[in-house]
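Chain nomenclature is as follows: A, B and C, assigned in order of appearance, with residue numbering initiated at 1 for each chain independently.
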Amino acid sequence: MSGLLEVSGLSTQYVGARGTRVTRAVDDVSFSLEAGKTLGIVGESGSGKTTLALTLMRLLPPAARIAAGSIRFEGEELLSKSERQMRALRGKRMAMILQDPMASLNPLFTVGDQIAETLRAHEATPRRAAWAKARDLLTSVNIAAPERRVREYPHELSGGMRQRVVGAIAISCGPKLLIADEPTTSLDVTIQAQYLKLLGEIQREHGLALIFITHNLGIVARMCDQVAVMYAGRLVEAGPVRSIFNHPAHPYTRALIESIPKFGDAAERLTAIEGQPPDPSALPPGCAFHPRCPFVVDRCRAEAPPESQVAAQHRTRCWVAAPALAGALKG
Amino acid sequence: MNASQAGTPAAPVSLPWRLASLRVEGFPWIPTAILGVIALVAIFANVIAPYNPEIGVLGDRFRPPAWQTGGSEAHLLGTDHVGRDVLSRLIFGARVSMVVGFTAVIVAGILGTTLGILSGYLGGWVDQVIMRVTDTWLALPALTFAIFLAAVVGPSEMNIVIILGAVYWTRYARVIRSEVLSLRERDFVRLAIVAGCSKKTIMRRHILPNVLNSAIVLGTLMLGVVIVTEAALSFLGVGVPPPKPAWGLMLADGKKGLMAGYWWLTVLPGICIMLMVLSANLLGDWLRVKFDPQLRQL
Amino acid sequence: MKRFIIKRLAYAVVSLLLLSLTIFLFVRLTGDPAVLLVEPGASKADLEAIHAQLGLDRPLWVQYGQFMWSLAHGNLGNSFYYRTPVLELYLSRLPYSLLLAAAAMIFSLLVGIPSGILAAVRVNQWWDSAGKIFSLLGLSLPSFWVGLVMILFFSVYLGWLPSSGSGTALHVIMPAFALGWYFAAAHMRLTRSSMLEVLGSEYVKLARLKGLPEALVIAKHAFKNALIPVLTLAGINLVIMVNVAVVVETVFAWPGVGRLLYEGIAFRDFPVVQATVLIGGAMIVVVNFFVDILYAVIDPRIRYER
């Protein structure tokens, strides 16, 4: 094990106002990511993807706490670092892009200022040099006329450009890991494609490891090496893209793949998964997916399935997908 | 998961915060008890009060409270500039505050709720007229408006109630109207329309019961405001006419002994006002959180 | 935008008309206005002369027209007591009111903004609770009582500050505190909630993700944004302060328009009362209009809402 990022048994909980209601937003999550590779994390909204990302950055809201697990980044344990040490890592060694480019830039400061301040916070760059670097960064994210753009305010830029600026901020200090939380959901389709292309270029150029959070499996198929499918805070299936797309083991993953609209289909076929995503604060007992699962057996209602290996590096949490294991336990 | 809406942390809880959060979670016993005691004092004022609050003995002017040198057991909280017993005046003052406060809140509430329902449900020009008037009256600072009305109609307890009602109904009308606007779109109201109920019936049987909660919460919150306004009017001499014992009036009289350092004439009535207003606000806050979290804008 | 301004302008004009109508009607319908508009103790013959002079025998709408006509010419009547036009009197007192309001505003912002920020940054901790109690007290204690107790303490017992009047900087301290007290609580509440909103925003999250020190995140990214609504409210409140200072100005004998209103009541000088209320209300309607426009300029969503 010598990955860039090694996560094991990670659990994050939200604690209610009176300290009684505990919501398991992230529950016993393990995965690893090698330098320069891309991991896609897929799931419905409310499945805990964003909380997982914020846990990795250790930037959770006050109501949340990391209950268990370990995050090793470049061989160092993040959970035992002080806030000061974490701050030195954030934006420098690991960066994150948020969902909404419209909202993630401060409307009252210029674009250049918001890029330069990251450099100045981490590298004691003089003001002039930081601004020059900001212009270079804008060029590297394909923004034309950077000399002019650095002096503009966010509202003067289009949505696509703003998201590029956010990307420029993320790569400004040359991080090793970039977490992108649904970076394209609020962009329209053509701009989405351009942006994904840009992300891919940046990744290759800088040798970045990328964690790509999305609910769009199509993007995952195009961009990622590894996939992790999240449901109700747990990784229900994880493995190499090819293996998962060709042989999905978990019924939820299967349903997700079937719901991708296929090019050339006569009727636009959108098989939505039946039933509602569960309320994270009141999960059903056993496997959280069982109320919506077409293959449900009694055991699913009673016991949460453990992780089992289906193929090389391909794991899942399902009783039905692991008949061998189930059989072994019965015998 | 939207991180910013995830609620409050369970983490370090200091004592004042625990005290403050009591009023959200548990029933505010202390404020309610204080209001209850003031109400009892008001009701039994003539039994409890040791003296007639309106008649003083000039020879006993400016007696300090019993525990200060020069004070006596005869006047526990001292006497004022014409020798009236401060304790008795405070006790009867509770009656004035309670009666004026409650009736004014109710008058304003009935007026404002009725107009709010009419405005919200009927819409059209009725709505336009009522809301323009409401906005204009809301723009006037309540106290200034009340002073103006008081100057026009002259001081009396009855007039104060009418004035306060006339000044404060607008607050109800605004809130109730916006509530009615959303109620109007609800299924049970639509069903009633389809069933052929008259507008009058719908407003009385279906809308009114559903806005009553808000009106009561609002009323509790208004109680404090109304009492302070009454005190201010009386203080300025356009409220409760002397020699009636109203707390605001006592503060005005207390000014006569202020420079001589007769603190009890200023401090004690103020504490009574503060206790009552603070209690009403705490109770109202609790009710608001409990019944109507949407009333945040007040 | 243009349509929005026209609509708001129409509302403001309607409000001003309703305001004048309200005041006009209350005076005419609650008894004989001549009694109010004539000096106390006037004879019956005087009253009748006034009736004829004011046209009180004519229909109401004619009377309202005359009332508006003289208003439009800046004629608000003459003060019985000072024997000068009310408008002049008002304008001579206004600077004092503005001075007091400005001092109270500075005080309320100096107290309200830092404590609101502290409460938001330390949300649900000791400071936040202390702030909650402070704002509750601020909203519950009558300002004039705060003023009286201050006189008792600082003027009578300690002898540090003059109890009434105006002239020196020392005279301003207590009235400004008594008047600003309530507003400090209001400004604190708004600063806290606006700061909390900004602290939960995506750009503050991104600022933290950049690894900026928390002090910089708050001082640079949160503070400036959170201040906008507070300063807007402060603008409205400045005008409101001028108009609610009646009791505080009375307590401290501060010669502003509030004191003028009180004198109007005390001397039964009705034209003064009427004019003070009318001008105060008009001021607020106008300020509300400008604030509406300002908000629409800042936040484009508002323009399409109403």
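One rule holds in what follows: a contact is a pair of C-beta atoms (placed from the backbone, for glycine too) under 8 Å apart; a residue touches a chain by one contact, two chains touch by 3 or more.
Everything numeric in this text was worked out from a predicted model, so none of it was measured.
Of all the chains, the one whose CA centre sits at the greatest distance from that of chain C is A. Of all chain pairs, the one joined by the greatest number of contacting C-beta pairs is B-C.
With centres set at the average Cα position, the gap from chain A to chain B is 53 Å. Centre-to-centre separation of chain B and chain C, using mean CA positions: 21 Å. Contact of a single residue of chain C with at least two other chains is seen at positions 123, 201, 205. With touch defined as above, residues shared between interfaces to two or more other chains in chain A number as follows: 62.
Taken residue by residue, chain B touches two or more other chains at 3-4, 8-9, whereas all remaining positions touch fewer. Of all residues in chain A, those touching chain C in their complex are 57, 59, 62, 87-92, 95-96, 98-100, 103-109, 117-118, 121-122, 166, 169. Chain contact summary for the complex, chain C toward chain A: residues 123, 201-213, 216, 220-221, 224-225. Against chain B, the residues of chain C that register as touching in their complex are 11, 14-15, 18-19, 22-23, 26-27, 30-31, 36, 123-126, 128-130, 132-133, 136-137, 139-142, 144-145, 148-149, 151-152, 155-157, 163, 200-201, 205, 240, 243-244, 246-247, 250-251, 261-262, 264-266, 270, 273-274, 276-277, 280-281, 284-285, 288. For chain B in complex with chain C, the touching residues are 3-5, 8-9, 12, 14, 16-17, 19-20, 132-133, 135-137, 139-141, 143-145, 147-153, 224, 228, 231-232, 235-238, 251, 254-255, 258-261, 263, 266-267, 270, 273-274, 277-278, 281-282.
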